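Next come two complexes built around chain A: one with chain B, the other with chain C.
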Partner chain A sequence: MGVLSDLPEHINELLEDLGGGPVIGSGDSWFYISQYTIWMLIAAVVLLVIVFAAKKRMALVPQGRFVNAVEYVVEFIRRDVGEGVIGHGYEKHLPLLLTIFFFIVINNIIGLIPGCKPGTGTMGVTFALALVVFIYFNWFGIKQQGLGTYIKNIGPAGVILPLFLLIWCIELVSLFLRLITLAVRLFANMYAGHIVMGTFAILTTLFLTPLITSFSAGALGTATASIGWMLLLVAMYLMECLVAVIQAYVFTLLTAVYISLARGH
Partner chain B sequence: MSAKSVTGSKVLSVSLLASVSALAAPAIALAEEEGGGGIGLLIPKMGEFLPALVAFLVLLLILGKFGWPIIVGALDKRAAQIKDDLEKAEANRIETERILAEHKAQLDEARVEAAQIIADAKSTGEAVKSEITAKAQQEAENMIAKANQAIEAQKKQAIAELQGSVADISASVAGRLIGHDLTDAEHLKLIERYVAEAGSLDAN
Partner chain C sequence: MNVIGYGLAVIGAGIGIGIACGKASEATARQPEMQGKIFTTFILGAAFMEALALIGFVVALIA
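Let's turn to the complex of A and B:
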């Protein structure tokens, strides 16, 4: 148990680090720039560079893996998410869907680079994205159906009035919950993933430390356990690579679903 | 779905982590709350929210105007071009097949015609050949017949001439043998005697 005595301290350090403390200003002031904001801005620049580089190289005959990869993702979002979920008239929602997917996926992937943080690893960023989506699909629904019809259509059709009112209230709450679930789902996945990876990394180090400080049979035995932690860390890292893409996809897919629901019938 | 299973394994990992932490020290939970953990994490910080909102809206504006439409447009253009090319290729294929069929039909026709011409030529040749043969045969027969007639006529003439000359020669030979010319009465007697001798010869 000796090696684990330092664990709480390290975990607290990890959590503090994942808190992404302020780089400029202080956490108490109204405006400050945190590490997450910086990584989010870096991701935004990377996204701009990728899109404009791809745009510049677009040709009738596709050339190069980079352009092919970008094209593949664009086509995937367009066909599977846009056409598949929204269907007719999906074209005008494509810029939002594509920007959301690419922005989130780039943030998530940057977060996987050791030493970097995912811009999506904080509620501030994910809530901003969720809010844009929330306003977007509601605005679209109101534009499509008219304000009155849109509000009325929150509840189900063909139900007696008392029941309609009850369900309408529940549906209204569920509508606003979308804002929160979208933001929390993405944030929690990124945050939890990084905590788990961080913990495994800490455990690997902790179990290895006795061997470095003084070589003994006992220390060697403890160090072998760190191989297990290392393997877990690698497994977790691989899974986080999947999660990075899946969560971006889920966010984009739900955006498309909400847009298609807001369109009405 | 896969997202669900991923979340499931994450829950597993977190519970593993929790058990390790529980072994280590109960102080973690306390420290977490002190370090702004728990529900505090779920409250968006204005300092992060506003830059993210502005950055995302700017991205949306820039990419929505100058990024995605061009990429999607290029993809559309390519798809249209490929579709067009395929359709053209299909039309060309059909046209080529039609022309090929036409040429085949023409070739077949030509072949039949050639065969017909050869057959006609053969039959004409055959006819001409048999006509010529028949004519030649006819002519040959005619010639043979004429030759036969001429031979017959000349033979008859020769026989007649020979008969005349034999009678004369025999008469003159007989006259010379006898020494004088026979009168008709003597001549007759001689013939009768000769006939009688011949008759007696026959009787023998």
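Let's turn to the complex of A and C:
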């Protein structure tokens, strides 16, 4: 296939673009402002505007679609995640859960707009979020149970000592794995989704190019295949719209689960 | 080789999520009023399985 000969080059270009080069500072130093940082700040500003606009119009009986939509999301997190997972005493964790959900969902949705990048599409942002959650639920567990009990409760109760030590070590590793999986899950979902969408977009253009450069019956044939790639791209885009919300929900849900696990019994 | 490795990583997660999704719909069919809780549990389990596949993806990118 002649049209596919340029594909690896375009894919490399795409990966380089998704790497999000530095905007301020140079890539060699450890500190620089990348494109992802800029998009994250934009998302934060958009989030603040939305939330404050909703807050200003807050009333006992919410009026209009906008306020109702925001209140619906808040209510959803409170009922399904807060009350459903954490149970009693969930109210004081709501600010964290809501902040995380709104922040991630706004970042993901902004990344879906063509030309924009998701703030969560880089390891730095997701790892920072995961670190906040990790410190929060450990701190909460220690405060709730006391340091000694919390460390002891990492392992299971009612097991003979040698087995307890073994399982305690495994559980400790899995405790720190939570930090990594939280960060990697969100990052990889966003990154992989954008690679797939980018690849389909590249394939659409590649199959269309022969028709534009030189019109012939064969070129018309390949251009028909380009419609198929376009349809795949649209399907993938719709799927990514779903993933953007689901991943934010999963992150919030896992945060709630970890908090409820840290509370002890 | 990286791509083959990622394919292998996905097999397990694919089977796992498939089974979980099937069982979740089965459970919902048996007891529709529990739909909310079943969905939450399903998403939670799927998230853990998905993490394994995604670790495979990231390792394939790095290596």
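Criterion: the second predicted complex is superposed on the first by the 265 of 265 C-alpha atoms of A that agree within 3 Å, B and C clash if a C-alpha of one lies under 4 Å from a C-alpha of the other, contacts with A are read in each partner's own complex, and residues count from 1 in each chain.
As a working rule, contacts are C-beta pairs under 8 Å (C-beta built on N, C-alpha and C of every residue); 3 or more make two chains touch, one makes a residue touch a chain.
Note that this is a predicted model, so its numbers are computed, not measured.
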- Considering only the touch criterion stated at the top, classify A:Ile246 as touching first (chain B), second (chain C), both, or neither. both
Max touched-residue count on chain A (chain B vs chain C) belongs to chain B
**Asked** Just chain B (first), just chain C (second), both, or neither: which does A:Val85 touch?
**Response** second
* Identify the partner contact of A:Leu47: answer first if only chain B is touched, second if only chain C is, both if each is, neither if none is. => first
Could you tell me if A:Leu254 is touching chain B, chain C, both of them or neither one (first, second, both, neither)?
second
Touch test for A:Val234: chain B only (first), chain C only (second), both, or neither? neither
Does chain B (first) or chain C (second) touch A:Val184, or do both, or does neither?
both
Footprint intersection on chain A (chain B / chain C) at 184, 187, 189, 192, 246, 249-250
Note: in the complex, chain B contacts chain A through residues 2-3, 6-7, 9-10, 13-14, 17, 20-21, 23-25, 27-28, 31-32, 35-37, 41-53, 55-60, 62-64, 66-72, 74-75, 77-78, 81
As the complex stands, chain A meets chain C at residues 80, 84-85, 181, 184-185, 187-189, 192, 246, 249-250, 253-254, 257
Listed in rising order, the residues of chain C that touch chain A in the complex are 36-37, 40, 43-44, 47-48, 50-51, 54-55, 57-58
Residue set of chain A touching chain B in the complex reads 1, 4-5, 7-8, 11-12, 15-16, 19-20, 22, 25, 27, 29-34, 36-37, 40-41, 44, 47-48, 51-52, 54-55, 58-60, 62, 70-71, 74-75, 78, 91, 94-96, 98-99, 103, 119, 122-125, 127-129, 131-132, 183-184, 187, 189, 191-193, 195-196, 199, 203, 232, 236, 239, 242-243, 246-247, 249-250
